[in-house]
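Please go over the structures that come below.
Two complexes are shown next, each including subunit A; its partner changes from subunit B in the first to subunit C in the second.
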Partner chain A sequence: MKNQANPWLTGNLFVLALGMLPAAILIGALLYFTAWAFAFSFTDLALVGKKSVEWSWVGLENFERLFTRRGFLESLWTTVIFVFFSAIVGQSVLGFLLAATLRGTQSTIRSVVEVCIMLGWLLPDIVAAFLWSATTSQTGLINQLIVVPLGFPPINFINSYALLVVTIANIWKGTAWSYLLFSAALDSVSREVVEAAKVDGATPFQRIWLVQLPIIRPHIATNMLFITIWTFTYFPLIFAMTGGGPGRQTETLAVFLYNQSFSRGNLGFGSAISVAMLLIVGVLSLFYLRLLREPK
Partner chain B sequence: MLKRGFLTTVAAVSLMAAAALPAKAEISIMYMESFGSLIESGIAKFEAETGEKVNAIKLPGQGYDQRIALDLSAGTAADVNLIDSFMVSELASAGYLLPLDEQLAGWDQYQYYLPGLLEVASYQDQVYALPTDTDVRMLWYDLSNFEKAGIPTPWEPKNWADILDAAQKLKDAGVQYPFQLPAGTKQAEAATMQGVYMALLGADVPEGDRNRLLKRDTNQWIGDSPALRRTFELYHQVYSEKELNPADLNYATDIGAAVRAALANDQLGILASGSWEDACLWDCNNPPSREERDAQVGWTPWPGSGEPGTKATTNISGGWTIGVNTNASDKDLAFKLVTTIFDEANFKAWTLANHRMAVRTDISESPEYTADPFLAKATALAADTTGRDTIPGYQTVSALIQQATSDLVDGVSVDEVVQTYHDALVDEFGEEKVITYE
Partner chain C sequence: MDNQPSRLTAIALAFMAVIWVSPFSWLILNAFNPLSTGQLEIPKAFGFDNFGLAVSGNAGRQFFNSIIIAAGTATLSVVVGISAAYPLSRLRIPGRNAFLWTLVLLRMLPSAGVLVPLYFAAQRSGLLNQLGVIVALTILNLPFTLLLLKNFFDTVPIELEEAAYVEGASLLQIVTKIVLPMSRAGIAVVWFFSFTGAWNEFLLPLIFARVQDAFPMSVGLYAAFGQQGAINYGFLTAFSILYAAPAIGVYFLLRRNMNTGFAGVGVKG
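== the complex of A and B ==
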């Protein structure tokens, strides 16, 4: 039976298949890479040398080593701290506060601030890394302009506070996204609702907390979902700034994965790390997706 | 009929023309920026001689080793590649590099290469790459900061205690980086070679390879030994217990640039590095005059630990090579590019201008080379040198050593670092391939 609304399309299987092809290829490629990582996480595949061609199955050994060897749990903890402070607390809260404050301001001030926020976002990661390294070095801008004039000896920030520095750098880099999203979300809250709350005697804080926030709840969840996923797997800025160091102080899971896979050359173990990361991000995503649902 | 024949002919001719096109495809080469002056002049000459276009892929030193390994294993590498010599056997064992013996036999300049250095670039008795240079390792020091700290120069430390003592004086005199001892994963091979191995060789007696990472007669990796513990203890002293050096230079965005900046800003005390620094401390491809360099820095051989029976000074040599990808589209052309780069006129000029240690007798025995005071002194150091344990697996072991130094920077105890290193070796190679020395 032919669909009356679109008889030509549904009647022609060839055209249908052709239309589906790009999507099928994309899904196939995504599944292929995931399946590849999953399969090789049970092997001792190496990047170079004999084991790169003559690998063998090693069962759950790689996964056991995630917990019995130094590295994975430490990196997981570093990643949790990095994601929590730079993405959830930093980018999200700062982005929201900026969006909320700038709503009522003049368009010129708003434009200037917006351009400044966007600059961080638009700058390539490697350039940003050089910039932050130079700014926080012993002879850098922060020491020259703030620390030394106040009478303190210059501080070697990367040496003493590496995780803090990369966290701040990432907040600077990523706040634009949260700001833009919240800005658009707040614009969608109708003025009448806010005005009505004002008439009913709600304080500014209550208007945000009890009126606007519940309305934009789905946006908050979406934002959290995105920034958690990409901060969790974020690599270039940290790697270029510190390479995971000093020691292991900024070795997030992405840097750990890189070191194990490409420096140590153990692709099997590296695959196990990526599978573990996939599971963790998957669980977090499910949590956020639940938040997205309307309350009953 | 005639029309059909004509069409067939046209189709056949077009096909042949299309098939002939790939033969004219350009040839590619990947190299590190610090070798620019050697390779780029070779490329220019090659292009002029053959009329071919060379696709030159120039990269920074940071992460270069990983990039080469990854590109070759993924099948996306250039036709000709600059490769750190220690990786050659490993890459050859995986079948990524082209054995060159057959083509080398027909090249008149091949006879001049030093056999010992070709061995480093060989695997199972076949040569897979040609060396560009070799090196020796030493301790460089900043003359003005030594004066500031009241340490007499020329500085001649006799053991590790002397080094730590000097570093303490430099620290007390306010020098920012008293003893830059390469550590950590971002330093990559530099942490293993310029740091750990130079100390390790002088940390215990040479008998039975007690002062190495590998017991070479049985090809077993040494997972725990007095030499390893003493070397790790040295790192522990420098980075943790006595805090003789901030760790941040080892993790800079561009380590080489950060070290050069530290020297330029008078922040460097002692730097554990190699002979290439005679140019690279300023600019690998364009160093300042001899007088300028001598006025700023001096160097001394690495002393042994001072433990009874250990070596008085230590040294280990590495170097770089150029090899051909197994999947090179035109292998003869690729080889031609290699020999053009290594052609005497080009190669000799670079070796002399950059103060590299020669790998060929026609260059090392030339009057210009023997007259150079730095090269003469460095070559004397090379009389007692050794090479890396470049059997397949070395790259992994080296990465584990780098990880160990990272943990030492973090203040992890020597016992725990040795245990972690030992366990990781067993994970990678199995119990029977790992031994311990009491």
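== the complex of A and C ==
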């Protein structure tokens, strides 16, 4: 970073500053919108009607509603379950197992499996939602292939096990990311270390648990950070599959925010929900970043 | 590792791959069946009629809307990102670290969180249209783009630029002839992420686009399959395949660059 002696830079400071200007404006806008979201959360602003023009400050009323009215806490709980099972348990563990297993297999098997998983990841959210609605419907693949041949009446999975279905759909969709990240991470573990452990008589399980996992710990933390935040705020898949229903079974915070802000038009209350989400995501990030920095 | 891949592992993996792609069976069986009823069955007829429907009229228009939004967002993000990331990477600007940390925090921001102000700003400035979606997505995308591009520029050795300067190259030449080609993989990754992100984006266009022929494919598909009743499944499945194809295609086109660039995403965090 010793750049004071780089004449092509110091001689063109004006040009460089000009280059940074658009980004600075856009980032400034983002900061401004964030500040706005905070400000809105103290108002009774509405999407339509009288209160969309003549809104007033209501202090902490919106935040009180978060805890006193039904909705927010239930949504938070649904979100926690959804994040825990689909991202942390499903995507991470499955992604790691795949990455560890595929390293030892032939390249053809590896590419085939990789492409299959990637297809889910690359598929647009709405198509994935469409696909899983069809797969779990009463005449869908699961019923035709498993439930009916076993002699049970067909089950409408989205009606009966909505949260389970969206969780599985999200695992299906998101595992590729964890797989790719862990694959790159395992590549960075030097062969010698693993060989040495093998010579010392470590079993395959010990080699993974005691040697590789501690080495790729920063990657695990990074991965957790990303997928937790993404899943926490993930909207399209659930919204398109269930709209939050049946009832409120799959109404995660992102869906709750949308329903409150844009279906019911309570923008002030919606902003309070987003502020709460920001705080939760912030706390989670700090937690993972600590995990990332902590010395081994 | 060098442990022999056992037959059991191979079978388990193959089994998993089959499970993973099995939901696609319904999509493909219906898309190529002109008489599709939305059931999972072997089609009695075969043809491309559904794809014909999916590229004409409103549906075709939505395809172009998606292309405009995705390519526009990706290109705008990359151009704005590059012109700011290079000075950020090379100059010791006062407050640079504070700015970078702000970017890290902003990147963690759930986009749903700023949706309401974003909607209001767009409404006030008459940007509840495609241009508005492009600008909004670029704003949301920029922290990520900037951080990633800066990381890639950091890996370009400054000695090369010094040498080029001694040879008489101008700033523009140094950037276009040395820095950009050397960080090609990174730029490809950033462009790809922005493109697919915008291509898949559903929530923003759902709120911003109010008329059917302004919908991108994501909203168009949602609107079409949300309507219960006489659903034309053949059309919907063909439309889904057309919608999914570019996102998948771009990935496989850029795949080699992706793998190089991907390691950077993970480690730099």
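Simple rule for what comes next: the second predicted complex is superposed on the first by the 276 of 296 C-alpha atoms of A that agree within 3 Å, B and C clash if a C-alpha of one lies under 4 Å from a C-alpha of the other, contacts with A are read in each partner's own complex, and residues count from 1 in each chain.
Here, a residue touches a chain if its C-beta (ideal position, glycine included) is under 8 Å from a C-beta of that chain, and two chains touch if they have at least 3 such contacts.
Here the structure is a predicted model, which means the values were calculated and not measured.
> In the overlay, work out which of subunit B or subunit C sits against more residues of subunit A.
C
> Between subunit B and subunit C, whom does A:F287 touch in the aligned arrangement: first, second, both, or neither?
In the superposition, A:F287 contacts neither subunit B nor subunit C.
> If you stack the two complexes on chain A, which partner ends up touching A:H219: first (subunit B), second (subunit C), both, or neither?
second
> Could you say whether A:R70 touches subunit B, subunit C, both of them, or neither, answering first, second, both or neither?
first
> Contact-wise, after the overlay, does A:G245 reach subunit B, subunit C, both or neither (first, second, both, neither)?
First partner only, subunit B.
> Using the touch definition from the top, say if A:W209 reaches subunit B (first), subunit C (second), both or neither.
Touch status of A:W209: no partner.
> Could you say whether A:V53 touches subunit B, subunit C, both of them, or neither, answering first, second, both or neither?
So A:V53 only meets subunit B here.
> For A:S263 in the superposed arrangement: first (subunit B), second (subunit C), both or neither?
In the superposition, A:S263 touches subunit B alone.
> After lining up the shared chain so the two structures overlap, which partner does A:D125 touch, if you call subunit B first and subunit C second: first, second, both or neither?
Once the two structures are laid over each other on A, A:D125 reaches subunit C alone.
> For A:F152, select first, second, both or neither according to whether it touches subunit B, subunit C, the two together, or no partner.
After superposition on chain A, A:F152 lies in contact with neither partner.
> With the touch criterion stated at the top, can you tell me which subunit A residues are shared between the subunit B interface and the subunit C interface?
On subunit A, the residues that contact subunit B in one structure and subunit C in the other are 130, 133, 139, 240, 262.
> What does subunit B use to touch subunit A in their complex?
66, 69-70, 72-73, 87, 90-91, 93-96, 176, 184-186, 188, 246-248, 250-254, 265, 267, 392-393, 395-396, 399-400, 402-403, 406-412, 416, 420, 423-424, 427-428
> In the complex, go through subunit A and note every residue touching subunit C.
Spelled out, the residues of subunit A in touch with subunit C are 1, 3-4, 6-9, 11-13, 15-17, 19-20, 22-24, 26-27, 29-34, 36-37, 40, 98, 101-106, 109, 112-113, 116-120, 122-127, 130-135, 139-141, 144, 172, 180-181, 184-185, 187-188, 194, 204, 207, 218-219, 222-223, 225, 229, 232-233, 235-236, 239-240, 254, 257-258, 261-262, 267, 270-271, 274-275, 277-278, 281-282, 285, 292.
> Across the complex, what residues on subunit A touch subunit B?
My answer: residues 46-50, 52-53, 61, 65, 69-71, 129-130, 133, 138-139, 156, 158-159, 162, 240-249, 259, 262-266.
> Hey, which residues of subunit C end up touching subunit A in the complex?
Interface residues on subunit C, with respect to subunit A: 1-5, 9-10, 13-14, 16-17, 20-27, 38-40, 80-81, 83-84, 86-88, 90-92, 102-103, 105-106, 108-118, 120-121, 138-140, 142-143, 146, 158, 161-162, 165, 169-171, 174, 196, 199-200, 202-203, 207, 217-218, 221-222, 225-226, 236, 240, 243-244, 247-248, 251, 259, 262-263, 265-267, 269.
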